[in-house]
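See structure below.
All chains are identified by letter, namely A, B and C, in their written order; residue positions are counted from 1 within each chain.
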Amino acid sequence: MRSSSVQPIAVLRENDLRRSSPPADENEGFTKVGEWMHDFIRTLYPLCRSITGDGVRRTLELIDERIALDVHEVPSGTRVFDWTVPKEWNIKDAYIKDSSGKRVVDFKRNNLHVVSYSVPVRRWISFAELKEHLFTLPEHPDWIPYRTSYYRESWGFCLSHRQFMALRDDEEYEVCIDSSLEDGHLTYGEHRLAGESDDEVLVSCHICHPSLCNDNLSGIAVAVALAERLRLLKRRYSYRFIFIPGTIGAIAWLAQNVERVHRIKHGLVLTCVGDGGPITYKRSRRGNAEIDRAFAHVLAHAQASSNIVDFTPYGYDERQYCSPGFNLPVGCLMRTPHGRFAEYHTSADDLDFVLPEALADTLTTCLFAFDVIENNRVYVNLNPKCEPQLGRRGLYRAVGGQSERAMEELAILWVLNLADGTHTLLDMAERSGLPFAVLKRAAKLLTEHELLGPLY
Amino acid sequence: MRSSSVQPIAVLRENDLRRSSPPADENEGFTKVGEWMHDFIRTLYPLCRSITGDGVRRTLELIDERIALDVHEVPSGTRVFDWTVPKEWNIKDAYIKDSSGKRVVDFKRNNLHVVSYSVPVRRWISFAELKEHLFTLPEHPDWIPYRTSYYRESWGFCLSHRQFMALRDDEEYEVCIDSSLEDGHLTYGEHRLAGESDDEVLVSCHICHPSLCNDNLSGIAVAVALAERLRLLKRRYSYRFIFIPGTIGAIAWLAQNVERVHRIKHGLVLTCVGDGGPITYKRSRRGNAEIDRAFAHVLAHAQASSNIVDFTPYGYDERQYCSPGFNLPVGCLMRTPHGRFAEYHTSADDLDFVLPEALADTLTTCLFAFDVIENNRVYVNLNPKCEPQLGRRGLYRAVGGQSERAMEELAILWVLNLADGTHTLLDMAERSGLPFAVLKRAAKLLTEHELLGPLY
Amino acid sequence: MRSSSVQPIAVLRENDLRRSSPPADENEGFTKVGEWMHDFIRTLYPLCRSITGDGVRRTLELIDERIALDVHEVPSGTRVFDWTVPKEWNIKDAYIKDSSGKRVVDFKRNNLHVVSYSVPVRRWISFAELKEHLFTLPEHPDWIPYRTSYYRESWGFCLSHRQFMALRDDEEYEVCIDSSLEDGHLTYGEHRLAGESDDEVLVSCHICHPSLCNDNLSGIAVAVALAERLRLLKRRYSYRFIFIPGTIGAIAWLAQNVERVHRIKHGLVLTCVGDGGPITYKRSRRGNAEIDRAFAHVLAHAQASSNIVDFTPYGYDERQYCSPGFNLPVGCLMRTPHGRFAEYHTSADDLDFVLPEALADTLTTCLFAFDVIENNRVYVNLNPKCEPQLGRRGLYRAVGGQSERAMEELAILWVLNLADGTHTLLDMAERSGLPFAVLKRAAKLLTEHELLGPLY
């Protein structure tokens, strides 16, 4: 069992933000959706994914069984901005056999054993030569590292340091990588939920890692669950979920959608969202985009601890979305950032490393933040001179002189005071310190009493 | 005797801000004016005020004996924005008598005993029914709470918890409230001091509370003393003092002056300004209005401790002045804010709770802040290229090489350096860290030497 | 020996900023240039300088032997803005003799003994009268103070308190000041290094103090060494070094160059730059000029401790450059600011008080800051949509999956991301937290690979 610092659902229940939350956040629903996501990760775990190939296709098929996907195939050799779509890589088997014919390293036991994009090889080889093709983690002797060589043709094996130490330096070994690297396609999938407007929210996750759970599968699982939840809700925005190989996939997608990206008003990269650490939100390059402020608000109000970090031009596909020629308002949601947990890019990033409650907490956080974005309107006070008489409308305590005042009443006063056509509800939340959901309810109530109207 | 954290006048004397202060701030004057204000509070204390009625009229008469008032009467039923001026409430007597005919609760002993705006009642009643109309403070068994019911017709008594515990639950009581609630008027008063300009400074205080000293009488006393002092001074601005019932009075006043409020360049609500706590200034909705900056400067330089708090849309009549349809630059000056002292809205907010030296300190602080506003001009250095030769004008130490430099010399250099037509004296005070009064003197000196001129 | 907190050169060596540093910063060069500057100070030390006179002329001759100077003579009586160039002061000898004919105070032993600009005097005088003309430092009984009386005709002697205590109050003394105060000239020198552009960097130091090392000679020595180094480098800007009497010299120079000062894009006053304290940089009046940001960056990255202080209108000649009619972007570089060290304006500001390594460290800091200014261009990413493929250009690790990433790679990514035509390299350094020199190298590399171009 791994320990977790995910906050108990009980805490969330008491938090006012919950009141605006969709069905997923009922206590039972929270547990169920967490387990559902973890089960989906378990289903995807054995597949050998890379940036191209049948592992990606099979992953997209399994997603498509849950949410309908448009699958796109981009031919090898296609120019995408400064890059070229590489050859397609597939692999059937790979091993290192000792002189007795025993597989001492076996791809079929763990697909991390082969360096991704290894070219085919099959021959007998001395230990001295073999050693040049082996990668281990001496500081974690039981873990297998994860290595790739997409853009330089080579081959290699990753193995635990314990396996490596058991090899004999006076022995010859048979190495076999039964792979193919040929013209083919890069494959990605899209799922779109139409909303009232053509303005879009982009949710992007990478699908190019083999048996790694936090780094790629957790993002896929949360994205699929998000799509399922959002489908049930009234949507102002349209939502586009893209499941793409990292870097080259994002670049290919942007190259094919360059005329359409102006529709993206908010965006989010999901990665490493299943471990037990607190949530980390990385701001977009703009630094103060609405999505940045929405997550900052939600994390401050709904999480006991969380981190907000500034944009940096390294990390995941926010690098591409936030390149200066696009500069899209796309942030990145993580729990523990890549490289900050020892299990990163090793076989220890496995099914035990991702937790159902962490996945559910990430999902809930996204839903809260999207709820902010969906409802972040500008309002106008229809009775802007002095306060309206709330008492006769039942919106205010009847007996004066009491010192205690409920948050609901404060929210009504704040909304009336700031509804001058220049403040969004999120502006009001930031200035008042009240949760967005409480202000949203106050705005709804005031609108029903014809004291408030949305400007846009 | 209550303890006080008001700073001794000795501290003020040493502070440079004093040098610009009007006569009130002489040590003897300080003590006298504090006692004068406390005496005035003592005079006003017994009256039973509410948002309408003869208690308000008598209060205005007593103010008018000190500073000439224009008294306005607004008829019941008058529409003022979203509100309607209520019926006028008056009361002659009220009591609860036990079966022996003894007054166990008696309005004549303390006017807090009756819930304000109680409708007339006179009958015998069981304890069980009576209990529904009684309010006490169990945690302060000797204090009488203060309650109102302006907009819902009802009646009730407030009494000490000790009185309540002495009632017998098997007894019948005679309740009598000899009040009237009839069409009449809402009454308020205005005092205007003309200045060089029609631009106005608004000083507003509420006059709607019965025998409560810090909450309403302290504001009235300081406002009257302020008017008396300002009358003696040269004024750039005109000053308008308004003495109004809280909320409905401010709304009625704004409704009747909607075409004139654009003249208000600075404003201040005075409330709870007599207790022994440090001064609290609440910023206007604008947050950085000149009045906000003036009080921030004065409090930082002249007070050992004080608090500046951001605007919130609850509190006193700044709620109305700062509603989005007006958004006037009106702050609120308090010592301990309402609800932060246990005595608030109880009989313990009495003559002992307000201190002459606290009243005088509040008055002095207002005079300092108004001195800033009056003198906060933009200047132009008439010799802007390099420093002028101050030495030959006697404005600078004659013998060089000394390391010590007086604050006066620094002020001269700062004023010359920043007098580029874009900085006010208050800008200079904020940037230099020097007291406004010292910069004011430097500007005067430089103007006399024809090195400086006011831009506006 | 005096102790020093100047950081050892070893620290500087490890710092990445060094990599962009000119030859002076090699360890051997650092020591040599420090000793060279100290030697130059030793040469200048005995001269009796004031704001006019032959001491200034001889000082300029000695500078001219190192860097070619244009020497200007401004006649006494010339009007310069609000000031008038004073008479020229020269002095041959001065002393106080006791009745036995012994020189108890002798100008030839230390030129601080005479108050600068003392009028001629020669007569016998009682101790009582003499006392009115004597200045001592009782708290430092062995030190001689430094005093001036430029604009009020008088005479006086400065002496150690120990010398003073040895005088007898029943004795007559012969005082002699063999000075002249006559129409003549104010003298200053300029050295200009042409660059690609006529836009100028101004370096200003005062040359008006007699035997004081930190206060005036350290600035002269660093300025001369700076000019020598900069002559060897490619320069975008032209550099103008001015060696002027304090205040009146700066005012005269500005009066004579009023039509040309718009060319000054950056400027620096050098003063008190040789003592063992940490560096202090005083911002220009603008507060966020490029020179201010360049020094803030360099000090944060290259110094273990340093101070940045806001502009104030007192100090050295930045007072004139930053007067509102000019408002030039001129900062002031010091180590311990004047008045913050006990030796200031006393005979203890001597050859031991300034340290070769401190002088060299100041010089290096200036060169780093000027390197920032010289290279602070705005770049445009020529492949702005998504990242370019750095790997095939050898600009990126070939094998993926490694968690460590070199600062060079980060710099490349930051430059590409922020090169949108709105960010300077210094903007990028501030946002990324990386040293300017590393970003400069990255920009050079990317330009060589045709991925980046300078906008201006």
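Following the convention adopted for this analysis, a contact is a pair of C-beta atoms (placed from the backbone, for glycine too) under 8 Å apart; a residue touches a chain by one contact, two chains touch by 3 or more.
From a predicted model like this one, the values you see are computed outputs, not experimental measurements.
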item: Same-site or different-site touching of chain A by its copy chain C, using the half cut; value: different
item: Angular offset of chain A relative to chain B [C-alpha, multiple of 5 degrees]; value: 120
item: Geometric centre distance via CA averages, chain C-chain A, whole Å; value: 54
item: Residue list for chain A, restricted to those that touch at least two other chains; value: none
item: Residues of chain C defined as touching chain B within the complex; value: 80-83, 145-152, 247, 250-251, 254-255, 258, 285, 312-314, 319-320, 322-327, 338-339, 344-345
item: Chain C - residues contacting chain A, complex; value: 381, 383-389, 391-392, 398-401, 403, 405, 410, 413-414, 416-420, 432
